[in-house]
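Next come two complexes, and both contain subunit A; in the first it sits with subunit B, in the second with subunit C.
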Partner chain A sequence: MSATPKISVRNVAKTYGHMTVLERVNLEVEEGAFCTIVGASGCGKSTFLRMLLSQETPSSGRIELDGAPLPGEPTPDRGIVFQKYSVFSHLTVEDNLILAREFERSRLLGRSFGKGRKAARAEINDTLEKIGLGAARLKYPAQLSGGMQQRLAIAQALLKRPKVLLLDEPFGALDPGIRADMHELLLGLWEELAMTVFMVTHDIREAFKLGTRILVFDKIRHDPQAPDAYGATITYDLPLNRKDAGPPPELAGLAVNADTSTGASA
Partner chain B sequence: MRIINRKPSRVTSVALTALPFAATIGAYALASHYRRLENPADKLLPSLQQMGETFWRMAFVPDRRSGDLLLWLDTYDSLWRLGMGMGVATILALSLGVLIGFIPHARSALAPYIATFSLIPPITILPILFIMFGLGETSKVMLIVIGTAPVMIRSVSQEVMNIPRELIIKAETLGASVMQMIFRVVLPQTLPRLVNAMRLGLVPAWIFLISAEAIASTSGLGYRIFLVRRYLAMDVILPYVVWITLLAFIIDRLLLLLSKRAFPWHHLGGESL
Partner chain C sequence: MEFRFFEIYRSSEYLLLLAKGAGVSASLAIGGGLVGFLLATLLAVSRYAEVPVLGRISAAYVEFIRNTPLIVQLFFVAFGLPLLLGYSWPFWAHALLALTLNFSAYFAEILRAGFSSIPSGQLEAGAALGIRKATIFRKVVFPQAVAAMYPSLNSQFIFLFLTTGVIAEIGVTDLTHAGLYIDSRTFRSFEIFTALTVIYIVMALSFKALLNAIYRSAFKWRTVR
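So, the complex of A and B:
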């Protein structure tokens, strides 16, 4: 493991106009960590993830990736899975998966034809089998179940072998049974590819089950006259041992809160 | 059962569709019949048979003066102008719409300009077009372009902006360049909605086509209608109006069919008009 952390967040704040969403966020994450991020709705955990993706930029402070400032826009070194709209609705399953390869090979149009496309489609056979979509390769995403769509989204996000994988409530809309399958798939891939993972979730049990480290976002400063004056920050940063899955006593109350939250995206 | 949950059977559905059409034709036939009882030479509401004969003559009997089959000549000329106008408008809508919707600098430069331009009543530009391009085909095609393109451009740019941002970001994380994103994400996501914009644009396109032909032309469906108006020739005008409507309907359905064939993924959820 290298001396420089994979991701380092230094005193980051994010404000929209007069509203402070995040403030004084400091974090160092070593390579290969699986960070789960929890917190109440609207506490800025999705904003934090979007900053890691460069979809948004911090209002102050800096974020470093491998010791260098984060690029100003999304790049292939960070993969992303959203809760919705994660795959391309106009492409079939297999075409969703060869898209990255097509971008590499056809610089102008990003489209391959004939033999090149056939070869690219053959290359993804293993991936398709692994995510259980071999039989559905010619279907459009709208014809797939929610779980199948997210399996496709994860596989697609990993095509460029990103060093960091960002997940924004990826299983929020799935049934509990399907969620468990998705957890297996995700953990398997994480171990195989040695990625650093950040995952926002509303499900506290999921956070404890999957993470090697849990980050809890919450507001610690309140001004009753100006509720927007202060933002949330990381209030708990706990290493997790996967063997004794389950929230520690001091977070038991939080677990109840998170379970009853609406599940709306923050 | 509540009426919102009751679906008509296939036969009922067809019958219900035919009903208002049949009622209109029936009402016309009745009114025409009583008018002609009073005055057999009535010109305002000619009989269905008389209109049929006139239509047949326009379609299949060469004109005594020019030797042309007038209906087909008019139809060809009008559709040519409509097609050229819509073609240019569509190309403009697609290229400028993608620029405005996708690239913030282009949006700042062009969106307010196009919005202003689209507020000019196109028909007021017609005299300018006639002065600039003469009375030929160019000014008629230009009128259709000016009348339809601004609205179509705005519609396409809005559709481009409505593409979920997640898809664009996903493409960026897959290493796509701007051109690649335009060709592989933005255009495919926008094209089915462009077809919709074309279907909506066809309505003003027909208005401006007929207007331009009525004012200065020597052929075309609009020209013919306004020519025979001088002789109160309702037996020509009414079938022509029905014919124009039928053409517009067929073009609209063809575009819908094209959309369903070319973009099956877009029509997976729910029915559309």
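So, the complex of A and C:
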């Protein structure tokens, strides 16, 4: 606990009109952590990820990245992979990645010519090899399997060399065999690229297998008369040791580091 | 009753008239279609992007055109507006302007539906990659929408092509005009309108084949498996 936490979430709440989705969310995450996030459907896990991406803004509280408030819009240092195939179906694998680089180009006010373009192409080929899509460079997403499409989505996210990778049930639509392959791929990339990862999943075993830390989102306050009055928060925040695959029963009892007692001070 | 088709096909004058008429019909339809599509894109974008004022004007324009008969629009452009604005163009230019305005409203409505049909996930994916909105529209929404709506645009174009016959009413020597002329000279109504029917069918099917070929080469990703 020496370095400044990479991401700190301070008393964040998110409401839509009268509906509270998240409340009193507090979290400090070290650089290089692999946080898996589990919780019931509709409890705000995806909303939390979208706030980390700046696609949503917290209704109250703050999120800091390296000690500075989160920028107001998605930046290249944060990448995301959605559950449903978010690749562009009208572009080839290669063109999907070229489009993903538009961001840098538009910032440099101009297209990359000559040397720049060659370097860009080399970088794209490099990423494709890393992700195992080298042979499918010129194929369209419709010609790829679900697993390959998800790999392409990951490649898109990685192209920006993000420091934080956000994964919203990335393997939810894949069958178990491919899922295991994707786990290996993801862990390899995580170690190689030294990213901080947040991954939402509905698969508890997946959460324990991949994470160095697991976050459980749940509603702890209920008002039967007003079901939307209270939102979910982090109820369990456990460090994981990947060596023992599976939830250690004695750890669940110790899990009290939920930080829910700080209350509404914002 | 005796049919005398040879009165048409043995007369080089009539054949030439029909050929020229077919050329005029095809050119005006293609010209009106292309310019109409560009105009339709502007109309549809201004509505899709909810551009203030301009979006409203586009909506009103589209409703206005789609709820008035083509022939009235044609007369308005050919005889009404020239009195007001004092222009005097050749007949075909009046026809082209009227057809362009007419095509654009129908295409705009189809395009707008196409833009709205693109799943929001595609927009979010683009936004998550940090791509600017205008670039997302240009590189993701527009190509996907045109591809999705291509069959509708295709059949709308054929339908509009077949309605271009009304431009004969303002003196444009199109295919229908040629037919009416030959009919008035020979009184062989059955023969000449049979001939017109066949020529229109052949032209419409040719347009369809051409547009389908364009679809297959421009939107490969829709057909690969």
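Throughout what follows, the second predicted complex is superposed on the first by the 222 of 266 C-alpha atoms of A that agree within 3 Å, B and C clash if a C-alpha of one lies under 4 Å from a C-alpha of the other, contacts with A are read in each partner's own complex, and residues count from 1 in each chain.
To be clear about the criterion, contacts are C-beta pairs under 8 Å (C-beta built on N, C-alpha and C of every residue); 3 or more make two chains touch, one makes a residue touch a chain.
Worth saying up front: this structure is predicted, and the values here are computed from it rather than measured.
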| item | value |
| --- | --- |
| Touched partner set for A:L99, first subunit B, second subunit C, both or neither | both |
| Touching partner for A:R62 - first (subunit B), second (subunit C), both, neither | neither |
| Partner chain in contact with A:R221 - subunit B first, subunit C second, else both or neither | neither |
| Partner chain(s) touched by A:P162 [first = subunit B, second = subunit C, both, neither] | first |
| Partner chain in contact with A:K118 - subunit B first, subunit C second, else both or neither | neither |
| On subunit A, the residue positions that both subunit B and subunit C contact, one per complex | 53, 55, 73-76, 79-80, 82, 84, 86-91, 99-100, 102-103, 106, 140-143, 156-157, 160 |
| Subunit A-touching residues of subunit C, taken from the complex the two chains share | 121-122, 124-132, 135, 139-140, 143-144, 147, 219-222, 224-225 |
| Residues of subunit A defined as touching subunit B within the complex | 53, 55, 73-76, 78-80, 82, 84-91, 99-100, 102-104, 106-111, 140-143, 156-157, 159-160, 162 |
| Residues of subunit B touching subunit A in the complex | 164-167, 169-177, 179-181, 183-185, 188-189, 263-266, 268-269 |
| Subunit A residues touching subunit C - in the complex, by the definition given at the top | 53, 55, 73-76, 79-80, 82, 84, 86-92, 99-100, 102-103, 106, 139-143, 153, 156-157, 160 |
